[in-house]
């Protein structure tokens, strides 16, 4: 069994990850508590009569906790500041790290601009591998530090990169990604923006052209910032991201040509699914799964292209993809614990 | 008091219209029933002790009901087939008509293509005025037949037409309208698509590049079909439309220049509101009002423009706009019964 | 115009009240700010082109602000501690006060037990009138201090007091009130319990047999604590309370007899409506209104009685009832600004 | 592998059952189509590139299909009329049957009264075993025909039967069950009552004292109809039932005494969980599981008792319980495929 530490297990992504790990056939999860363990929640859960609730090992974080406890890999589902501090310590103890924050996804200059502070370990940014297995599977296998992609970025990149390699896309016309996310994407911390009364029967746009996930998309799908317009929107649902992407083509193509691009790009990628041409893309099909579903539509003249991608922001957009990365890194079946 | 008939008062738009009419200071609503009146709903409502519920006049539709009952104007909140049959009869009896369906919004050729059947009164299509007061206020004043705009069309046109008159918009790059609507836009008839279990915690895209409201937008905002990409999405809420529009500019402009375009276009238009630059557009601000709220964002290089418009699909997108048209047609304060 | 101060206008009840006051024909609202005014929200609202947004007078609270500004009546939509401090100051300046908190609804002993602290102005508790106009209309007319009822209490009392005067109710068998409320009842302050992700697709029970609104119900419906079982539940909706009340009768009665009890009790009460026997009670009929709707069902043997009451917790359960009280206190039409 | 037929696999319960069966380690599901198979839905699903979607065997229903295909057991997730016709045919072919409808839960007289028609196979009603394993585990082991309980009934019975065996419950005072269900309980067929716009931000009561699930509760918890008051309510969520039950005790007891009743009744029952005394019962803990969670509260005087039970109406209230019954009938681990 692979001893797998989880730091930040009480947030949405961390809790989702813990659920997945407990069902994984080859993994033994170990809780790591940066601050003191929050045991109150467990105490309020209903219990089968006559049974004690199962308890995971819960270790306080210390700079030597990883090696002392023979932990092989650590997930950090923590804010970027914490990840930046903790990940190097994990690596120094000889373990591998998968970070779910934005701490290791960009280069130092991008980090400074989009996160508004200096990166504290720029030397690790070259070493870190961007953990989107559909793009970087080979590099992930041997990576010590994997930067798990942002949720919006996962949806946008999966929809865009195969197309952007085609010469028939008119980049000068601009690529549009209109993205909508469920509220769990905003994190567990209560705020006026996530109050039920504010969100229900409402819909809002935010971070228009300024979202932090943009530079990841540029780096991995292969675009310049001036070519790409991204707007985020808040859906009154718990989970799920739909990204509706609009591209303009230099010459008319057929829908079959477009679909062939995806079939080629994702042959062997078991978590990418393609919608039949006449169907209706919806979040319900991906929620609580690690799939990224893709749907293509083409204008009658063959040059207006709409590509829709759907993921569960907590699974393919966070915890599921992190586990997929672990599977690749340790040579397990890529779908172990994920189907 | 203006005697005002309502045909189709039991659908969502018709019921919303009836509510508005009953609060209007200068209007006396009269129900017109194409089929026999549905009285069961009224019988199930709670009643103030000792009071009879107020009853509106309810007349069965007949080809002479309008003139016999001195009705001045008739709203038809009916399917296009019914509107096509009834509206000419209203006009023949000397009354004016405001139609909430798609029957009179297009030319005959467009109607054939987008609605899939031949128009039965093509002669009326030239006479009909497209009832978007912010564009066609003067023509509406004297119109006998007003074609009330589609809900999506209202949101898209209000956001786009002022900009599309500017030479700095790069039309060749394409104009994108990513639109999201609440479920009431799909009508009251139960279907698998509007079942609560299908809609809640879900989000879907539909009519991608093929929505019937597209030709109205082309006609009124001034675009060719190949320039315009429109996708509709279903929000898990009762009401509200947000249209996120993306344009590319030939030369960099400032956000102030963009805002000035709207301020000029909508000076005196009391139902168009502009968001401050740093605020967050949301449906909650327009729902249950006749406002169309507009929000502009500009990329740092000044050429990527995002314009968001928000309306309540049942008010500014249907019943409220219909009443606004009535106000214009009969010389009332344009906002009477709407603030 | 009645100069009407509002302290606590940024919470849900206060904001709802302000909306109502601005539409009232005889009232001029004045904002009172206990702490410094929160102007940021107003700055983010969309604005009609060329118009300045309307601004209300906003005065910082001081012990003499009421008399210096000729304010006739003050609403305190504040926590009980603040209301307890402010209300006496309002009265000392010769104005009347309507308090929306729980500060003045109970006697001193009850306050100590249910609110967990000593009341600071027990002398006012005898003077305060419980502001449920359907029960205490005459006393409210001349009251200087009105204690606006709790939301759950309003629903429970309106359903129960007329019946509890009947000798055929078997009090020994116990009276049950199973109450369900929308999330706005929990207040505007963000907390884990009101986070959208916690509430959506969920339903929970809380304050089972221990809710603070219980003693108000006992006092006003006429029961002993041991006779009454009350449980509160959280609905995944913005607003609305349904209270399903169960009573057992000593002898069989008919549904007509039960309905006659309500018709007699509420003759002339314009905000109480009775459902027809065969209809389905639902929150949608009362939301955004000041109505309390009541529905009665009787077991086939005539002794099991179920009485359901529905209100909007922010209107009849808070702001609307507060305004109804103002109307009674100042001799306006009881429904002014409320229909 | 146990060959397991499913008739009625396209409704909510049937689809949920099919999902569970496909994960069960010892079961091979076979689709049975009473009418022609609905293949359109499958054709619209997204597909992993290069993979054919997995297909289950789908057989048209015929009176000999069960024996000809060596099917061991058939689930009928069909309306009672269909179940009444099909179940005898299953039994005649030597297979066992688990019926999810109300066809075999009552005696012939009860069926006539509550379902409004004569039962067509009254001889089977004595043979049928009520499939609540926590009560009737031994009888289920050898049953040929299991009547899977109603969803509301499951919640009510699990909360009530252990208590109703105690002499300290005052039955004469009446037992109350105030039950709330998600919309999937109303079935998949679109209707005005399940339209999203009708349900969202709403809450309604229905079948007050007249719900069809009542006689099942009376039979299995041990009550007379005049002792029991049951009201159903519709929650604006997809799934989940909470039943809040109120009992009055003849003499004061302690909460520990109450909890001991449940611990004894459910020792060895792995799907019944008891909440700690200070916690908050909520549907989120049971949804998508086969658990029934129970929470007890007691008034300070020790005689007012509130017992809350929570289930997922589609799992413990339908498909999960049906599978639990199969496990018991065929000697599998009772939790196989359910944890």
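As written, the chain order gives the labels A, B, C and D, with residue 1 at the start of each chain.
Following the convention adopted for this analysis, a contact is a pair of C-beta atoms (placed from the backbone, for glycine too) under 8 Å apart; a residue touches a chain by one contact, two chains touch by 3 or more.
Since the model is a prediction, treat every value here as computed from it, not as a measurement.
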Most widely separated chain from chain D, with each centre as the mean of CA atoms: B
Which of A-C and A-B has more C-beta contact pairs: A-B
Centre-of-Cα separation between chain C and chain A, whole angstrom: 46
Inter-chain centre distance, chain A versus chain D - centres from mean C-alpha coordinates, in Å: 37
Whole-Å separation of chain centres (CA-atom averages), chain A against chain B: 39
Residue list for chain A, restricted to those that touch at least two other chains: 198, 200-201, 236-238, 280-281, 295
Contacting residues of chain B [partner chain D, same complex]: 12, 183-184, 188, 190-192, 194-201, 236-238
Of all residues in chain B, those that touch chain A in their complex: 172-174, 176, 178, 180, 198, 200-206, 208-209, 225-226, 229, 231, 233, 235-240, 242, 244, 246, 248, 280-284, 287, 295, 297-301, 303-304, 306, 308
Chain A to chain D touching residues, read off their complex: 43-50, 200-201, 262-263, 266-276, 278-281, 285, 291, 293-295
